[in-house]
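The following pair of complexes shares a single chain, subunit A, combined with subunit B in the former and subunit C in the latter.
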Partner chain A sequence: MEKKMRILWLSAITCNGNTHSFLNYPHMEQFLDDFEFIYHPVIDSKYSLQEIVSNEIECEVLIIEGAISEEFQRGGVPIFEIIKNYSKRVQKILTVGTCATFGGIFRESDYKDTAGMHFDQDRALHNFSDFLDKTISISGCPIHPEVLVNTLYAIKKSVLLRVDNFLRPKEFYAYTVHNGCTRNEYFEYKVDNHKFGELEGCMFYDHGCQAPFTHGSCNKILWNEVNSKTRAGVPCFGCTEPSFPRDNLFNTKKNMAIPEHLPLGVNKRVYLTLAGITKAFKIDRFQKKILDD
Partner chain B sequence: MLKKKENKKELIMQAALELFASKGFYTTTIPDIAASLKMSVGNMYNYFKSKDILAREIIKYISVYLGQQLREINEQDISTKEKTRKIIEIYFKTASLKPEMIDYFLRIYLSNREVFKDSCEGMLCVNEFVTEIMIYFEEGVKCGDLREQDFFSAFGLFMGYLGGMVFLNGENILPKDLNEYVDDISFNIYKALCSE
Partner chain C sequence: MIKIIEKIEGEAKLNFNFKENKIDFVDVEFMSTRNIENILKGKRAFDALVINPRVCGICGHAHLMATVQALESCYDNLILSDKAKIIRELTLNFELIQNHFKWFYLTLYPLFGKKQQILKATYPSQLMSKAIAVIGGQYPHTSYAIVGGVACEITEIDLIKVQHYIAQTLKFVEQNLLKVESEVFLKTEDANSLYDGDLTEILDEIKNSELLGYGKSYDRFISFGENSFFKKGKSVKTKVTHNISLVDVKESQITSSFAKNVSFKDKYYEVGPLSRAMINKTPLIIDVHKKYGDSIFSRILARIYEISQLLEHSRGLIKKIDLSQPSYIEPSIDISKLSGSGYSAVEAARGTLIHRVELESGIIKNYEIITPTQWNLSGGTRENHGVSQRAMVGLSDVKIAELVFKSFDVCSVCTTH
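Right, the complex of A and B next:
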C-alpha cells in the first residue's frame, strides 16, 4: 500500500469554518486511506497539540487555518514560531480559507496586527517569505472541500500546480464565479432579480453579487455536489478575494446607477455601450417567471 | 471607394437635416432630398433604402458627433464643475453652428418615436452620446462632486434644461444669444446635481 501523506492541520485565529466545510467532503473514507492527520483540532489524530508544539513531528504538509498574529499562541507557543518550525520541514504549506490567506474577517477585528500568512489583504508580507515557493493558497470563506482535497492529491502525486499572484491554484481560481452561473443570460440582457431565493434574474445590478470579479470554482464544482450561492438565489460574496469581507454584502455600490466595480477586464465605456445595447432588448421569457410562477 | 460612399452618405444626411429643419420631417420626401443634391432618386436609394432608415442613420450620426466631443471633455483631468460648463458650452455651440442637428434631436427624434421603434429601441441610436453623459455622471459621483441619485432624474434635469433653452432659442424667444447663458446654466445645473 502506498504510504499515507502526513498532514499537520494547525488552527490560528479561526472560527473553524474551513474544518467544518472540509468535514462535508463526500469521500472522506477514501481520503483518509491516502492521507493522515498527525494533528487536527477536530479529527482524532495521533499526536496532541502539546506534542506538536513541543516536538518536531515529521509530516509532509502543513495546513494553516485562520489569521495570523505575532501575539497569538497555540499550546503556549507563539503561532509564528510553530509555523516557522514546521514550514522548514514540510514539502508544502497550504493556507486554507481567506483568513489564513489574506486576513479575512479576523483582520477586521481588534486583534493586533492580524493578517494572512503571506498577504495582508492584497499587500505582500515578508515574515514568511522564505516559504513562498512552497505555499499554496486555498482562499474562500469557507474553502471548498473538493478544492482542498484535489490540491492535496495533486501534491501527493507531484502534479505541478500553476498558481496566480496570490498563490492560488489556477485550476480552481483562474475563472470567476460568474463562469458557470446559471443566470448568465440575465446578466447579459441586464435583467435584475429582486427577491432572495428567486431562481430568475441577475443579482449583480442591485444585490451585491460579486461573481463577475471573484476568482473561484463555485459554479463549476458545486457545493455538496448540488448547489452554489448564485444557484440557490444568494449573491456571491466574493469570499475568495483579498477584499473580503466588503461592507454591504447585499448591496451593489453604484454611482448614478452605474456599478462601481465592473466585470474583470471590462472597460467602463465599453461596458456602458454594451449595457445600452442589451438593455434595449425586451425578451419576453426573461421578463416573466420561468420556474417561480 | 468605401470612404467615398461614406462621404456621400454624410452629404445626404446633412442635406436631409437642413430640409427637415426648414420643411418639417413628414413633408420632406426622398425626392426633395435628392433634388437638393442634384441626385437621381434611384441613386439616392443606393445610399438609404427608405426615409425611416435615413432618419435612424441621422440620429446615430448626431450621437457619434456629440459623443466624440463629450468624450474629449470626459478625458480631461478637470473638475466636474468645469466639465459641466464645457459640456453645456459644446452643446450650445453645436446648437448655434449646426442648429439643424440639435433641432433634429429635439423635434424629430424625441417627438416621432414611431419612426425609431425598429432597430433603434431604447437608447440604441444615441448610445455614444448617452454613454458619455453616463460617464460624466458616474465620475462626478465617484469623486464626491455629484450626489448619488437615479440616473434618469439627473439625465432629465440636465438634458431637459438644455433642450428647453435650445427650443426657446430656436423660437427666437430668448432675449440674449444662447452662448451668453452658459455661465448661469452651468451654475444652475451643477448646483442642482452637486453633493453639497
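Right, the complex of A and C next:
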C-alpha cells in the first residue's frame, strides 16, 4: 500500500467552519485510506496538541485554519512560532478558508494585527515570505470540501497546480461563482425583477450578488453535491475574496443605476452597450413564473 | 492538576483541585475569544445574517435563526408565512441531528476507549447537510433565512429529496444506532429495555464500568427556545413550569476565563437535550431520569433519543407545508429605517441560544449572544458551583471527569464567541 500523506491541521482564530465543511467530503473512506492527520481539531490523532506544539513531528502538509495574529497562542505557544516550525519541514502549506488566507471575518477580532498568512486582505505581508513558494490558498468561508481534498490529492500525486495572484489553484478559482447559476438567463438579458423567495430572477441588480466578480466553483461543483447559495436565492457574498466581508451584503451598490462592481473584465462602456441591447428584447418567458403555463 | 481538554471545537483548561483523593473544585478556563459582538457593532443589520453563522462551524445555523428572529422582533407587526416558519424549523432540526451524530461517534466513542467512528459520524451528518443545502443552498454557513421569511422557493421535488434524506438517515439510525425500528424506539418508555445497537453498546459500557449515576448536577433544567416541538420552561427535578422570562437571565463576566457565566434568577441551570426532554415530559427520558437522575447516562440517552424524535417530527412537518404560500413577505418598513431592540431564543444542538440586538436606523448599536455552553459551563465559585463543575465534584478519576465534562457536548468556539 502506498504511504499515507501526513497532515497537520492547525486552528488559529476560527469558527471551525472549515473543519465541518471538510467533514462533508463525500468520499471520506477513500480519503482516510490515503491521508492521515497528525493533528486535527475533531478527528482523533496520534499526538496531542501539547506534543504537536512542543515538538516537531514529521508531516508533509500543514493546514492552517483561521486568521493569525502575533498575540494568538495555541497550547501555550505563539501561533507564529508553530507555523514557522512546521512550515520549514513540510512540502506544502495550505491556508484553508478566507480567514487563514486574507484575514476574513476574524480580521476584525480584538487580537493585534490579525490577518491571513501571506495577505492582509489584498495587501501582501512578509512575515512568512520564505514560505510563499510552498503555499496554496484555499479561500472560501467556508472552504468547499472538494476543492480542499482535490488539492491535497494533487499534492500527493505531484500534479503541477497553476495558481493565481493570491496562490489559489486556477482549476477551482479561475471560474466565477456566477458560472452555472440557474439564474443566468435573467442576468444575460438584464431582467432586473428579482424578489426574495422566488425561483426566478438574478440578484446582481438589487440584492448584492457578487458572483460575477467572485472567483470560485460554487456553481460548478455545487455545495453538498446538491445546490448553491445563488441557486437557492441567496446572494453570493464573495466569501472567497480578499474583500470578504464587504458591508451591506444584501444590497447592490450603484452609481446612477449602474452596479458599482461589474462582472470581471467587463468595463462600464461595454456593460452599458450590452444592457442597452438586451433591454430591447421583450422576452415573455422572463416575466412570468418559471413553472407557470 | 491541570488537564487540557481537546477536540471540543477547540480546547478548555480544567484545573482540578483534590481533597482526600476526590475532586473538590474544578476551574474551567477557555483561552481565547474572537469578540463577534464587537465585530457586529456599527454594521448594518442584515450583515449580521452573514457574520453570525460564523460564530460556530457546527451550530452556525442556529445562530442564523437566532439572528433573523432577533431582527424580526425589532418590528412591531412583521408577518411570516407558515411555510417559511416550517422551512426554517426543518433546517434547524437537521442541524441539531447532524451535531448529535458527530458528538456520539466522534466525541463519545473515544471516551470509552473505542475507536472514533468517523464514517458513522460523517455519513448521516452529510445526509442532513444535504437536506439543509437543498433548501438553503449549502451547509455550513448559509444565510437563507432573511427578515420576512426565507430567500428560497421550494417545490414538490425539493420536498421529495428532503424526505429521501430523512428516510435514509432513519435507516442508518435503525441499522446502526438502535438495531430496532425507530417507531418501536420512539414508543419505548422503559430506559432499561435496550436493544443492541451502538447506543446500547455505550450505555452498557456505562453500566458495566459502574458509571451509572455519575455526572449528576443540580437537577435543574431550562429551555427558552419555542417552536412546534420544543417548549419553553424549566424543570426543577421533575416539576415543570412554563412561565419563565428572559428578563431573569443574567450574563456576568468572570476573571479566570474568556467565557461569561449565565444564570437564571441567580441560579445555574442545565440546558440541552436532557433539559428539553424533561420540560417536554418525554416518557422515556422521564423514566431514565427517575432511575439515574441527571447523570451522563440520562444525558447520552436524551441526546440520541432526540435524533429519532426530530427525524419523526420533521417528517410530519413536511406534510404540513402549503407550497402555495409565499416564502417571503416583504416587511412594510425597510430595516435601514428601523430603530429599536429585539431578542430571540432558539434551541441549538447544545441548548438555549439567546441573541439580543439594538438597532439605530438599521445600524447595530449593540449585540449580545448567550450560547448554550455558557449555561452548562459557567465557572462558579467553591460555594456556588456551575452545572458542569458540580457534576465533576467528588469524582476521583480525571478521565471520568473528562467524560462527565464532555457529556454536556462542550463547544469551545461558541463559548468564546
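Going forward, the second predicted complex is superposed on the first by the 287 of 293 C-alpha atoms of A that agree within 3 Å, B and C clash if a C-alpha of one lies under 4 Å from a C-alpha of the other, contacts with A are read in each partner's own complex, and residues count from 1 in each chain.
Everything that follows uses one rule, which is that a contact is a pair of C-beta atoms (placed from the backbone, for glycine too) under 8 Å apart; a residue touches a chain by one contact, two chains touch by 3 or more.
Treat the numbers as computed from the prediction; the structure is a model and nothing was measured.
Between subunit B and subunit C, C contacts the larger number of subunit A residues. With both structures placed on the common chain, the touch criterion links A:Phe72 to subunit C but leaves subunit B unconnected.
In the superposition on chain A, contact of A:Cys15 is made with subunit C only, not with subunit B. Contact with subunit C, but none with subunit B, is seen for A:Asn24 once the two complexes are overlaid on the shared chain. The residues of subunit A shared by its contacts with subunit B and with subunit C come to none at all.
Within the complex, the subunit B residues that touch subunit A are 71, 121-124, 127-128, 130-131, 134-135, 137-142, 146, 148-151, 154.
Those residues of subunit A that touch subunit C in the shared complex are 11, 13-21, 23-26, 28-29, 32, 41-44, 48-50, 72-73, 75, 105-106, 108-110, 141-142, 195-199, 218, 223-234, 237, 239, 245, 247-251, 291.
Taken in their complex, subunit C has these residues touching subunit A: 4, 6-7, 9-11, 31-35, 38-39, 43-44, 46-47, 49-51, 53-58, 60, 84, 102, 106-107, 110, 115-116, 118-119, 121-122, 125-126, 129-130, 132-144, 146, 148-153, 155, 161, 326-328, 330, 413.
Of all residues in subunit A, only 254-258, 260, 268-269, 272-273, 276-277, 279-282 touch subunit B in the complex they form.
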